[in-house]
Amino acid sequence: MHYIVGALRRAVDLILSLDPAVMEIAWLSIKLSAISIIIAAAIGIPIGFILGVYDFPGRSFLTSIVNTLLSLPTVVVGLAVYSFISRRGPLGRFGLLFTPWAIIIGQTILATPIVTALTMNATRSLDRDLQLTALSLGASRVQMAWLLLLQARFAVFGALVAGFGRVIAEVGAAMMLGGNIEGYTRTLTTAIALETSKGEFAFALALGIILLLISFVVNILVHYFQQVKHRGAYHGNNSPRRGFA
Amino acid sequence: MHYIVGALRRAVDLILSLDPAVMEIAWLSIKLSAISIIIAAAIGIPIGFILGVYDFPGRSFLTSIVNTLLSLPTVVVGLAVYSFISRRGPLGRFGLLFTPWAIIIGQTILATPIVTALTMNATRSLDRDLQLTALSLGASRVQMAWLLLLQARFAVFGALVAGFGRVIAEVGAAMMLGGNIEGYTRTLTTAIALETSKGEFAFALALGIILLLISFVVNILVHYFQQVKHRGAYHGNNSPRRGFA
Amino acid sequence: METILHVEDLRKSYNGLTVLDLDALSIPRGQITVVMGPNGAGKTTLIRILALLEEPDRGTILLGGQPVPEDEEQRLALRRRMGVIWQRPALFAMSVADNLGLALRLRGWNRKQIRAKVEEYAEMFNLGRLLRKWPNELSGGETQKVSVARSLIYEPEIMFIDEPDTYLDLRNRHLVEEMVASQVERRGMTALMVTHSRQQMSRLAANLVFLQAGQVRWSGQVDSQDPKNWDEELKALLGLAEPSA
Amino acid sequence: METILHVEDLRKSYNGLTVLDLDALSIPRGQITVVMGPNGAGKTTLIRILALLEEPDRGTILLGGQPVPEDEEQRLALRRRMGVIWQRPALFAMSVADNLGLALRLRGWNRKQIRAKVEEYAEMFNLGRLLRKWPNELSGGETQKVSVARSLIYEPEIMFIDEPDTYLDLRNRHLVEEMVASQVERRGMTALMVTHSRQQMSRLAANLVFLQAGQVRWSGQVDSQDPKNWDEELKALLGLAEPSA
Amino acid sequence: RLILATTTSTENSGLLAHLLPPFEEKYNVRVDVIAVGTGKALELGRNGDADVVLVHDRVSEDAFVEGGYGVNRRDVMYNDYIILGPDSDPAGVRNAKSAVEAFSLIAKAKTPFVSRGDDSGTHKKELAIWAEANIEPAAPWYMPVGQGMGPCINIAGEQNGYVLSDRGTYISYKTKTDLVIVFEGDPILFNPYGVIAVNPELHPHVNYEQAMNFIEFLTSDEGRALIESYKMEGDQLFYLYR
């Protein structure tokens, strides 16, 4: 209990004092998560769309695989990537280990299944009429995909938010692959882990509060960036604008 | 690279030999994750439904809060719960710390925002016609919710799968709150973290592979449990059964 | 003649635009009242309000002489005595049989009772062949028939019907008219029916309400047999001066 | 008379049930061909196949004498010369103006061109007032008019129209008929129109195809002016022995 | 850039922050510290992912050098282990004359004893003492938890039990736990740190030159003075071999 009170006070102090070390760490966290989620979106949205919209042999199996990858533990991703980019690994000569790039690789691997699975679920429950309508208006495959994703934008956007949350909050891959090097690869979560291992619980919690604040601000910004107003369903009639009953 | 080869061999060995220690750990992981996700569903699905379907002042703000909670770092959850249930904390007298119950508390806190956010997104993109139709057929509020969730079952089921993946793969809360006590609170992920810290990378990866296998089997089982066949959209006509173009 | 539904001073607007503004309107019990009027006149909005599915901005609704209660339980009981056949049929993603039995299930009937009733109505509507199909496997007309049968099956006291002809061929139009008419005759059901077809109106209507721009332009009894006796103003509204369509 | 579309030996079945089985069918260029037939006859299925949106189980489709190519690029080019007004209008979750301009946007028109064209068509269809509304704010008839205008706006060479009357009041039915007829006259558009209305058929049809249970029961030119000259078999099919509806 | 893989104790105690800046300045190099367990640090060295390792487990260190993974091992310093327990000291460990006796008392009283259980240097030291005492510790009073030192102190505190800890971690946890030092000073509890350069013949890419500079620096008078002078909350943590 007393930790939480202490942590709150500490978090406020840190934010008000604009502690440069904390600012730097926070900025690195944001940067790495943003890059990872962009790459994950570029991979996961198209795959999720195909799994959601098209029916083909093996789809059910692939769906299960994607769902399984949602349970990738961060440490396992860390280890697996490690064994590729370690000096002894096949990509060792690029010297990626213990650089921010290593973290990006690991976090992208963590975020991609999330974005894929959620995009898949979002597009799967789309009204098939919309597909036919798009095609009959002269949409190419790519244009149709774009239109349908636009229709499912709330859920697709939700997929990105969930993926962002996953990577900005994860510590296993960042720790294993980045190495928690001060001033270079130390992220908010690895810093939290470090403070925790030092027994500095209040400080660790304060950093956690800062992380959540960042997430909140990012959410709000993106929320306003994407059209705020929810305008409801696709068709015509029968649909009053607000909830009721 | 060699770790991965070694890990695969080791994983096969462990599974074939039915190593009792590993079996016990795996079983504990499954049990804790299942309990956590059931509690999270009981909390998250109703809240997500309300946020998705009803329009009320403050909804947008609450939505942002839920989305922010997607970035709760596991260590922070661990710390916060710790400071409540430690002997110095307000719930100290229940002696929950370093028991499986502590892990369940932490993992439920982690899974609930995921289930909530994804249920919210799923029900938000539902056709509002269905709401009116349900009500006009005489559905009570609860019955309407149940019907709409049934319509969005793919995405709601996806929410549970994502939540399950999150908790079975998380290590921070399990480590801090369970204590990784052998034979009592050691889960697959804390075991993986332990082996990693020992430098036993191949063994850690082998455990990771077992974890993914478990997830895969759970996914397949649940997949067959919930009606397998996807029968498509809600309405009538215009809708051929398969993807095309 | 007894009035079952009476509204007074009813007003509804969306985004500041008034779409419904009725001084007074009475619907007699046990008869068919037809509502006509151009597209956008407010017909569907009126149905949503009378069926207690949307709140008007102001106005009184008397049901059997009693004002509509605020209490949700009591409103549910009232809603269960009403039915709506929507302009745009929306079936749930479940088999046709399940769709047909849905309202009965919501009312707590048991399996066997539901089955018997569903079979009875499937027979009446020639839907036997379709019972195991899902909505996305139906033609437009089949969808509409299911939607009509789904509402008539629980024999509501008041039925709101928004354009029953939609998607139907001539035979099925007659079939649906017969089914509605027979429930009116047999058990004194009250029906409020929207249609654009003068022929249908003159076949069925005991009373006519003509809406235009949200206001009642004409209302009263109509002699369905002989359009020549119609009020001159009504004839003008119905366009009976122009060459018939 | 030139044939624009010719199909031979066309077969389509769902779950083993044949819903379409045509020996041969020709659609003449630059005229209106009306398709009639009871609910479930296969009319909508035929449109989906002819508009290249669904693959038949077997059969040949000749477009302007050429077989339809396999190549996706070439098929897209063909699809862009066609339009479909679906039985059940489905608008996209964007403003009415955006819906109207969608097909033009898909074809790469620039903003200014699109705007001009949208305004022109909004004027023609009396949709000016609705341009900034979203689909869930429209009445049934408004939805249908937008859907018709959205397809006519890009002036396709062949237009498939599935029940244009849906949701429309008498004035708008005439408006839509006029718009279609004027494009047929003005620029030689070919139209294939499904309707259940004998009056509409006799107003518009140059040719008639009567489908029943997936087969062509009658096809040929019709003298739209004088039903008395119609083939006896056709009269029987249309139910002209019974009292008119 | 010099990658130093070391144990969390050197990093968390603040020693490195005291030691590294002068080194970095002198040799114009940036040192990236990867703070992990001894086992993992050595594994990183074996894979050539670190240039130099600073760890504390003599047996594994020797195996590392014998395996040809590292060269030029040097003793650097030592600190010591202590036995922590509740102030009430239910097992009466305060009266023990040696660490072995202290462990025997704990085993006899069956009071909770929290073990790192993670093959760390501390864990291996603990096992060595049990072996010396001829005791095979077992559940339920013996709790291997597989975590870092700090969490182990916490768990022991929650369970009112004993735990073997290094002094540095205890100092930083002093204010957060009710446990106190119940035994210290037995030479068996000394904990020597060694520094080893990763073998450049096995891993040609490693920064061998700076690794050697680092080893030299640590064993130089300047480095030794820095180590000797480092204090944490007033206590000296690391001692030099004379």
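Letters A, B, C, D and E mark the chains in the order given here, with residues in each chain numbered from 1 onward.
Note that contacts are C-beta pairs under 8 Å (C-beta built on N, C-alpha and C of every residue); 3 or more make two chains touch, one makes a residue touch a chain.
For clarity, every value in this text was computed on a predicted model and none was experimentally measured.
Between the contact lists of chain B and chain D, the overlap consists of A, C.
Between chain B and chain E, the least number of touch steps comes to 1.
The chain with its CA mean position farthest from that of chain A is C. Separation between the centroids of chain A and chain D, computed from CA atoms only, is 45 Å. With centres taken as mean Cα positions, chain E sits 81 Å from chain D.
Here the CA centre of chain A is 37 Å from the CA centre of chain E.
Residues of chain E in contact with at least two other chains: 148, 151, 154. Among the residues of chain C, those in touch with two or more other chains are 14, 44, 48, 53, 86-88, 90, 136-137, 139-140, 142, 167. Counting partners per residue, chain A has 88, 127-129, 132, 135, 141, 151, 196, 201, 232-241, 245 as the residues that reach two or more other chains. Within the complex formed with chain B, the residues of chain A that make contact are 1-4, 53-56, 60, 63-65, 67-76, 78-80, 82-84, 88-90, 114, 117-118, 120-122, 124-129, 131-132, 135, 141, 144, 151-152, 154-155, 157-158, 161-162, 164-166, 168-172, 176, 188-189, 192-193, 196, 201, 204-205, 208, 211-212, 215-216, 219-220, 223, 228, 230, 232-235, 238-243, 245. For chain E in complex with chain B, the touching residues are 36-37, 39-43, 117-120, 139, 143-148, 151, 154-155, 157-159. The touching residues of chain D, when paired with chain C in their complex, are 14-15, 37-40, 43-44, 87-88, 137, 139-142, 145, 162-163, 166-174, 196, 199, 239, 245. Across the complex, chain B meets chain E through its residues 86-87, 97-98, 175-176, 179-183, 186, 190-191, 193-194, 196-201.
In the complex of the two chains, the chain B residues touching chain C come out as 127, 129-130, 132-141, 143, 147, 150-151, 231-237, 239, 241.
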